[in-house]
Every structure is written in C-alpha cells, then in structure tokens.
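Each of the next two complexes has subunit A plus one other chain: subunit B in the first, subunit C in the second.
Moving on to the complex of A and B:
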C-alpha cells in the first residue's frame, strides 16, 4: 500500500506524503496513535525509576550544585534539556547504603514477614477455599459476604485496639464490659504484631482465588483419592492443592507482594525503625529520610535496592499476577 | 485406645480417633470445622478491634487526665462541631470551617473524598487507555505489560520516596517547571497543602492505574471478537466501534472496579506520611494515627466514622451486585 502511493506525489515533503497516505489508509493513523500512546505510557511508568538511577549515581558533593536539567545550546538557541541527567558518576552509593544503615537486615525482615504471612494465609485460605469451593452448606453465601465486607474495612478501624493489645499492658476485656479475658504478651516490635494483621488483611483475596481454583477440580478425582483410603484433609492437601498449583502460586505471589508493600501496620507496629526490632523496609527507607536528611543519593540507592525483588517477581510471575488480580480482586 | 492394642496404635490413637470423628461429620459440620481458623483470625484481628474501637469512641479522658469516663456520643458531636479540632495535628480540621478552598483542603473528611474521587477518576481514564493498548496484539506485548504492572508492585514507602525526591526543594527537578505553570507552590512545595495533595494524587495515579488497567483488560478480553467483524462489515469507524461496542460492554466492569478502588483510596496514609506529613495533608487514616496515642476517644471516633463511610459504600456495592459480588 505504501509503495503504490509513492509515485502519486513527487514534489511534496515527507510530512505531506505521510498525510497523503494516511488519508488514503486511515489504518496507518491508528497505528501511529497506538505507538504514540504506548510510548507515552512506557515513559510515564518507567521514568520515576530512571530518576532514582540518576540521583543514585550522582556523587554526593554534586547533589545540590546546579540543576539536574542541563541547559543546552542547540544552533544558537539555548534551552533547558527536558530530561534530568546525572551530575557526575559514582556508583559507590549502592555500597554505602548497606553501611550507614543495615539495609540488608531490613530487607531480610521484610522477606521473613512476607514468607511467614504467605504460609499462614495459604494454609488458612486453603481450608476456607475448599469449604467455599467444594461444599454446599447453609450460610455459605452469608459467610462469603461477611469475609468480603471485612476485607473492605480500613486498617485504621482496627489499629487502636490492636496496638493496645500488642503493647501487652492491660488485659483484653469483652467489648462493652469490664470482664477480663487474658493479658496478651507484648508483641510490639516482634513479627507477631505484624504477621497477625497482615494475615487477616490479605487472607480474603487468597480465599477468593483458591475458592475459584479448588471449585474447578472434578469431584471424581477427590472421590478416587478417598476410595484409595485418604482422609478428607489428606485429599485436600495431597490431591486438590497440588492439582491447583497455578492458583496456589497466584495466591502466594499476591500475598508476598502485598506484605512486602504494606505500610500502615509496618510503620506502626515496629515502634522504632531498627532492624533488630523487626522493622521491615519501611523503617529502613524512612531512617534515611529522617537521619541522613541530605544524602539524597543514598535514599535513591536504597529505593532501587528495595524495589528490585518485586520488579523481578513481576517479570517472572507476570501471568500469575494478571490472572490473580483479574479473577480475585474484583471480588475481594 | 484400649490397653490390648500395641504401642504403635496407642501413640496415634488420639489422632486416629480425631480422623475418624472428622470423617463422620456431615458436610455442614465439616465446613464449619474447617472455617474455625478463619473465624479465629478475623475475630481477633478484625471483629474484636472493630467493636472495641466503637467502645473506645464512647469514652474520653477526664479533665484531670487521670481516668477515662463514659461520654456517649460526645466525641462524635465534638468532631462534627469542630470542638475536637484542637487535638488534630497542624491547622487541620475534621469538617471544613468554611467553603473556602484552603479550609476545604484542611478538612480530613473533604480531603479524603477529594483524593479518592480525583485519583480514581484519572486512574480509570489512564487504566482504560493502558488496557486498550494491552488488548492489541503486537510484538513485545509481554514486556510492555510487565512495564505497566511494575508501579503497582512498588512498595508504598518507595513510591513515596520517589515522589519526595522528585519534588524535594533541594534536588527535586520537577518543582520549577510545574510551578511556572502555576500548578505547584514554587517554594516549600511539600508543606503546602494544595501542592502536596496534587503530588500525592499524581503518585497514587502512577502506582494504581495499572491495577485498573488489568481489571478493565479482563473486561475487554471477554468481549466477543465477532462483534467487531460485524461492525467492520457494516462500515463502522474505530471510534464508532469503541463507542457502540466496547464501552457499553465494559461499563459494568468499570463500575465495580471504580467502587472497589474508591474504597481502597479512602484508606490513604503511607504515601502522605512519606511524601509530606499528616499535618499538611490530613486524610482520615492520618488523623487516626496522629491522635491515637494522646486522644484515644477522638481517634476511635474518627476511625469509626471512616469505617462507617466505607461500610455504607460496601453495602451499596453488595446490594447493587447482589450474588454476583461473591
């Protein structure tokens, strides 16, 4: 199509030729618009990471000197270059970031919290997913609605009593009475104070994902396992769960990312941002913001290091994330 | 369990009995048994705290600061009359004191709603654009999709740090050009309520558009492709195809996604805490955190109002969607 129109216009410039062809074939315009939109979205989503990289490699001494937007002189017209560029190059910040604050320990804490929560959520949500996906019983719809409704509530509605309970100063009483139940142990600054709220908060999504997957396993397979002599629980963990491996993987990936990204309880339940007190990356990054207030290159380097695990996870487990979010999230 | 049986079965006797007991339960009994961990977890971490928050919101510290006393709904009345405003950080209020722009932005209730509405509106539009791109077949689609999803997976604290570094008064390159356009305050940007709110909304749009895109993409991919072939034969332009086929078919999906995201957006806290501070951009969650150590009753009342607003929206979703919501 493109070649046949070439001989019709000979004297016009390239723009006029392109327009001529576009009029004859509107498909080209849509194609151009499509690539322009795609480029726009790619630039806007990835640009912030580029900015972190620019800041991280700029030597500390040059951070405050001059603008990141250099003035350029093009054919006698001077203007501001629209893209920030590094002022010098010094990747040492990526080493310093582990020396000034034990950032690797904060990341380990985050990993430990995320893995523990994921294991708990998978176990509890598997039981619930089996019940909702495979059993018919009175109250099923109401219970699912209840879990759905609870998952919508803001963490702020739970935080005050939880903080008091985890402080372990006073006995828990039955609400609206003075009847004491028990005095909880002090859980602030321990994994328990974060894993408990995380598990409850992120469990509903996994329940809905696993309900869908467990519900799709044919009854015959479960019956066969039962005839072979497996117990009911055995059939769940030895037959249904392995057969739903994609669903289990989806729930794990989403729970892991959710915990790794959580801010609210991570910042409140770890009362001091110290790695030894189980503070996750929230504490690590914020301690750069509060203690080393002008070392912006370190803040950027820490952010890049902290974001790497989830970026890798997104690239590796893309299909799982997409299917999990689209099947489960609308319902969560 | 009897003494005649060997050591082996005696050791596992209790377990065998438990298994046999479980095998003989009816479906309903078995279902509720397996749900016990869910009930315990949600009871301890959600139900008990919710009830207790309501209880705390009915009490206030006495004037001599030594004990707490029952005050009924005084905390709520205090919130809505502005009497509790002096306990909130900075110059922030719960309800706006007047209908001027600055006073609206200083109000926790109004700014939370503004944040939710504006960010969700733009997230839906941008998400729709991204979904339309990802719905096409092209070389490298997998990588473009990964690039678009990545912001969704970025931890909130790092998202906050990115935008803090972009607009910070020392190294932030983005403030001067936007200040020239009149969108941001040229100095002290992150401590200016209007500017900080703008930045926080942009940050939220950057992170969450991808989530909307994925939900809308699922709706797009469930559309029967044959409809477009029919439209092409009938001579419809691309725009007509979009307006008459795509949009009506994905509107229900978009509706649910919008309500769901609005509820989530009303929880906003972490990004405010990282980019600016609760005294500058007072969201409802922010106010709860800022006051819960000093003014428990006030804090609990704000928390419960937040929960109630979200509860009403959720009831709306459930009634609207009915059984489909499950």
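Moving on to the complex of A and C:
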C-alpha cells in the first residue's frame, strides 16, 4: 500500500492516476458523483411512471401475451430492446377509467380529506408552533419530546381501538373496568373517521416545521402587531404566519401529499371500497380488480390520473418547499 | 387627557432560577402633553419600564394608569397607545400604505377615513408618493418615518418611542430629532421616549427621567438634571464629557483631597461634620487655566497640574490633566482621583506635557456624600478671602 501511494510517475496503473487527478482536482469527483446520483434518482423515480404509462396504453387483450421487451433486428444483429415498450396503443384507457368506476369521486374523496386535514393540521400546529417557538415555559422540552415520541408510534397501533370507537356500538369505558364514559358517534364511512386520525398522525411533523419558523420571527414584529391592535393570536395569523410562508407551505404540502396518498387507515375506516363511503384513490384503483379479472391497464391509467394533482402541486410549490425544508433543517 | 402614572411598578424575571429585578419600585407621574425621556445606561430598566406602559410586559407588582383608567392588566391594543420600536419593526410583507393603515384596518375604520388619515400622517413625516413601496426598498430614515407615521395615524393618547433614532446615522439623527420636536408641537400628545443618548434627551424633552439599575434616580427638566443632579449617578451620566469626581475628606474649613484642598465651611450643610468622606464634582467647563482666574466671579486658588492629553474638538479643546506626578497606578480609584478634565478655548496655547495651574469656579462645584452618592451642595458659598484653595505644590510639582 505504502509503495503504491508514494509512486506518482506515469508508470502507475489507471486507477492510481485517476486517484491522483481526483485528489488534485476534487471538483471533477464532485461533478461525477452529482451526475451518478442524479442518474440514480431519475431512473428510480421516473422509471415507475414510464412503466405505468406503458401499461396504461397497452390494450387489455395484449397485456399478458408476449414480452414488453421487443426483439429488434438491426442490420442482421438481433437482440432484446432494453426498455419496455407498449404492445399496441390504446389511449382510450384514460377515458374508460372514469366510465367503469366513478374514479373522479375517489379522487375527490382523497382531495377533500387531504384539504380538510391540511387545514386542521395547519391551524392546530400553528398554535402549537407559536407556543413552542415563541414562549418560554417550564416543561417545554418535555412536551416537545412527548409529541416526538407519539409521532414514532406505528399507526397500526391505533387502528383497532379507533375502529371500535368510530363504530359507535359500545360506550368507551374506563380502562380495566366496565364504567362507561361516553358513546362516540358512529363515524365509520364518514370523513370524520379519517380526518381525525390523519390530523393526529401528521401533526407532529408540522409542529416541528412551524416551531422552527415561528421561533425565528423577531419579537419586535409581534410586539408591533400587538401594540397596533391585534391579540397574540391575531399577531400569529396576520404577521407571524405570512412571514413564515416557506415553512407553512412546506408543512401544508407534506401533510397534503401524505393524506392524499394514505390508504391504510381509510381502507379500514371505509368499510368497503365505494366512493360513497369515502374510500380514497387507492380504493378506487383497486376496484378495477374483480374476483376474476385484473385490469392492469386501467389501474395504471388511474394511477397516472390520480398522481397528477400532486405533481402539479409540487411543481407550483417546489421552490418554497425546498427553501422551507433546508432552512428548517439548518436551524433546528 | 392622557396622564401616565406608574405606582410602585416592579418587574422581576426568573432567569434560570436566578431572580433578576429589572424595574424596582418605580413611581412616575407624567402630565398630558409632556415629552419625557427615559435615559440610562444599557440594562437600566428603561425599556422594561416602557414595555410595562405599553402592556407588552405585565409588572410583577404595582399599577399602571393611563388617563383615568387603570390599565395594568389590559392588553396593549386596549391602552390607547402607539409605539415606535428601536428595530423599527415594519411588517416586511406589507407595503407602506398597509403598514401605516394596519391598526386602523384592524379597528374597522371606514375606508375613506383610513385614506384621509394615512395621507395626513404621510404628509407629516414627508412620505408622500412612497405609499406603495415595500419596506425593504426604503432607506433607514424612510423606514423610521413609516414607523412614526404608523404610530401617529392612530391618534393615540400616548406615544411610546423606544430608541427610535438608535439605528440612524448621525446626520439623519439630528434631522429626525428636530422633526420629532415639530411633531410633538403639532400633535400635542404625551410622548415617552427611551434613549441612552443623553444629548437626545437634553434636546428633546420637557423632563428627563434618569434610571439606573431599575430605579428612578431623578426626574426633572433637562437643565435641572444638568445643574442640580440629585446624586453621583445623575451627575456622571448627564453631560458630555462627564463631570470630574474627586474624593476628599471634610476638614475644619476646607475639603482636603490628596492633591489640593478646597475652602469649604462644613457648617453650611446640615448633618455634615469634620472627617466625613465626600466627593467633589466639577464639570470640565467650570475649570479654567490660571490666567483667567480674575474673570471668574468666585474662583478657587490655583491648582497645579500637568497636561496629559489634548483632544481638540474644533469649538473647544478637552485637556486631560494629571494632578500628581508619577501616579500611573493601576488602581482605578487612585487614577480617577488624579485626573481632571478641563474644557478650554480652541485658541489656547497650552501644550501636552506642560505644567500649568488651573482654577475652579466655586459657584459650580457640587459636593456629594461619598457613601450614599446623594448631592449635598450644588453651589459653594463664597469664602471671605480669595484663598479658597491651597495648592499643594510640594506634592504635585516636580
């Protein structure tokens, strides 16, 4: 080892020469690493979409016949094309999606759940963020730790008790006794049974983000708002929140996407995958699958349609999200 | 009518288990239309006192009255006050118009009334044509004027200004100072002004409240604070450069200091006896080079000194003098006791390292009790002969 690292003349092997160049000019290595990482991310994130698109436009009858990797014959040399290509072209699948199942209603369900949850989370997390970020009181660190701890609970831990509670059949009792406390209303198959647990589960992340941002707003601005005529709450919503726009955007987009994609809770709280029972997008996609058939092309088309709103949202808000995520990460 | 009264206001903080008293039993009575300056060094409690008046801080004890209401526990918005902050605190996400009209919009004023008042306020602080600018497009002075406009647009009973000129450059500061005086005349409201700059306090205010370590030292018109300071702190704080302090002991007919003695009849002050420790306070402009001694109405006799450093200011020269030779001791008290600062005419011939003689105008000598710091005398009674001071040549001359 020692001898190879000492030798620096031209007789070295290619690896040694490359290493020397890299040490003298690290920019090259950074650039190489950047391109490698970018290529990796692009392939892993974009290939599934490409594959979905291929599936979606392939007519249903061709789905299971033959390979998606065509054999090509180029100047007498034949081989397998390395990328899957559609077997036929049937863009009508994007229309059929809405004809067979009211997929737009499922999308609307997911959208409504996501918007409601985001509004609730933003409001409550703003109050919490204000308290944690701007006030000093004993036990603050402990409370914050408690919220952090709860956010690490697996959601599955809550499913059964919540399902029982939302079924509204039996009263909630004091633990280990039969003393009834109250009977909750029947919330299954209503947005309430989903929005409530979503809000609770996605709250801690938003609280963390907003605490960081609200904590950075100078005290003078809040004082000025209060002297000018707002209450503390008024100062929060009129001055502190607008000035923390990147953080608020980050928290809301993350919450929105998480709820929009959620399936675990909603598949249980909506007792069957019907749009009328507030089943979300994934419920809709799965209803292209019947006992005897699975319409992969429609499922793929529905997936693409379903993801569009989020893509649009992220493109619109991306600058804010990036600045929000990084500044939060740096300060916390 | 907005009279502001503080009664026994005390504010204590719990700073990680340690109790800090920021304001200690403050009593103040400020009349309607008065311009009051709170001055004092950093951390003296002047900003905290103002915050208790604003309602941003609730006092631990005591009461705050504005007008004829007790407002101790009212939120800031219900106190009829407006405030200009040291860091200006314009809302960065609003343009000038929105900043100025913020308070009015919150109170649901009709739109034409808001427009009228914003226009008038912008007119007073000379901000016409800038109403659609954002704060970050403006200079420091312009922002400051927006902050003042935001305060006056609400037509409050009391204006609170927390070092509003602290972040401005010297020239703008002087300009804004005159604008503030004009504003005070125009609006006829009570203004409470916090500053650590005693020059600002002297020029602006009707009365100065001098604060130190949380308690009120003196509240009087500027010239009273200057000419008749209640104690050593006020004497040292008001006036720039500050007063010379020399400690001494009361003798039979003079105050003896290590380097000279000043004729003084202890009988003229009640409760003062021979042997008491006192501090003599003399302002730099009340010390004169020996040749002017005959022009002073009640001069002391000559004191020998050596000129250490000259600081020409243009209109005057500050001469730092040492009273005794070879006393470059590290002992702080000893050195200050040896030093004397004199303000002299700019055309003076005095050179550094020159041995000179100086005389003190006895009518402007202050005597303080060294132990308590309280002022005992502000003007020495003339003594029959003109040998008020006996210079100690042997000690101070080389």
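Please note the rule applied: the second predicted complex is superposed on the first by the 271 of 332 C-alpha atoms of A that agree within 3 Å, B and C clash if a C-alpha of one lies under 4 Å from a C-alpha of the other, contacts with A are read in each partner's own complex, and residues count from 1 in each chain.
The working rule: a contact is a pair of C-beta atoms (placed from the backbone, for glycine too) under 8 Å apart; a residue touches a chain by one contact, two chains touch by 3 or more.
Predicted model only: the values in this text are computed from it and were never measured.
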First, second, both or neither for A:239, with subunit B first and subunit C second: second
Partner, of subunit C and subunit B, that touches more residues belonging to subunit A: B
Touching partner for A:44 - first (subunit B), second (subunit C), both, neither: first
Which of subunit B and subunit C A:225 touches, first, second, both or neither: second
Partner chain in contact with A:114 - subunit B first, subunit C second, else both or neither: neither
Contacts of A:154 with subunit B and subunit C, given as first, second, both or neither: first
First, second, both or neither for A:69, with subunit B first and subunit C second: first
Intersection of subunit A interface sets (partners subunit B, subunit C): 231
Contacting residues of subunit A [partner subunit B, same complex]: 26, 30, 34, 37-38, 41-42, 44-46, 48-49, 51-52, 55, 63-64, 67-69, 84, 123-125, 127-128, 130-131, 135-138, 140-141, 143-145, 147-150, 152-163, 172, 175-176, 196-197, 199-201, 203, 207, 231-233, 257, 260-264, 267-268, 281-282, 285-286, 289, 294, 296, 299-300, 302-303, 306-307, 310-311, 313-315, 318, 321-322, 325-327, 329-332
Residues of subunit B that touch subunit A when the two form their complex: 19, 22-23, 27-28, 30-32, 34-35, 37-38, 41-42, 44-56, 126, 129-130, 132-133, 136, 138, 142, 144-151, 153-158, 161-166, 168, 170-171, 173, 176, 206, 210-211, 214-215, 217-218, 237-238, 253, 256-257, 260, 263, 266-267, 269-271, 273-274, 284-285, 288-289, 292, 296, 299-300, 302-304, 306-307, 310-311, 313-314, 318, 323, 325-326
Touching residues (chain side subunit A, partner subunit C) in the complex: 218, 220-221, 223-231, 234, 239, 242-243
For the subunit C and subunit A complex, residues of the former touching the latter: 54-56, 75-77, 81-83, 85-93, 102-103, 106-107, 150, 154, 160
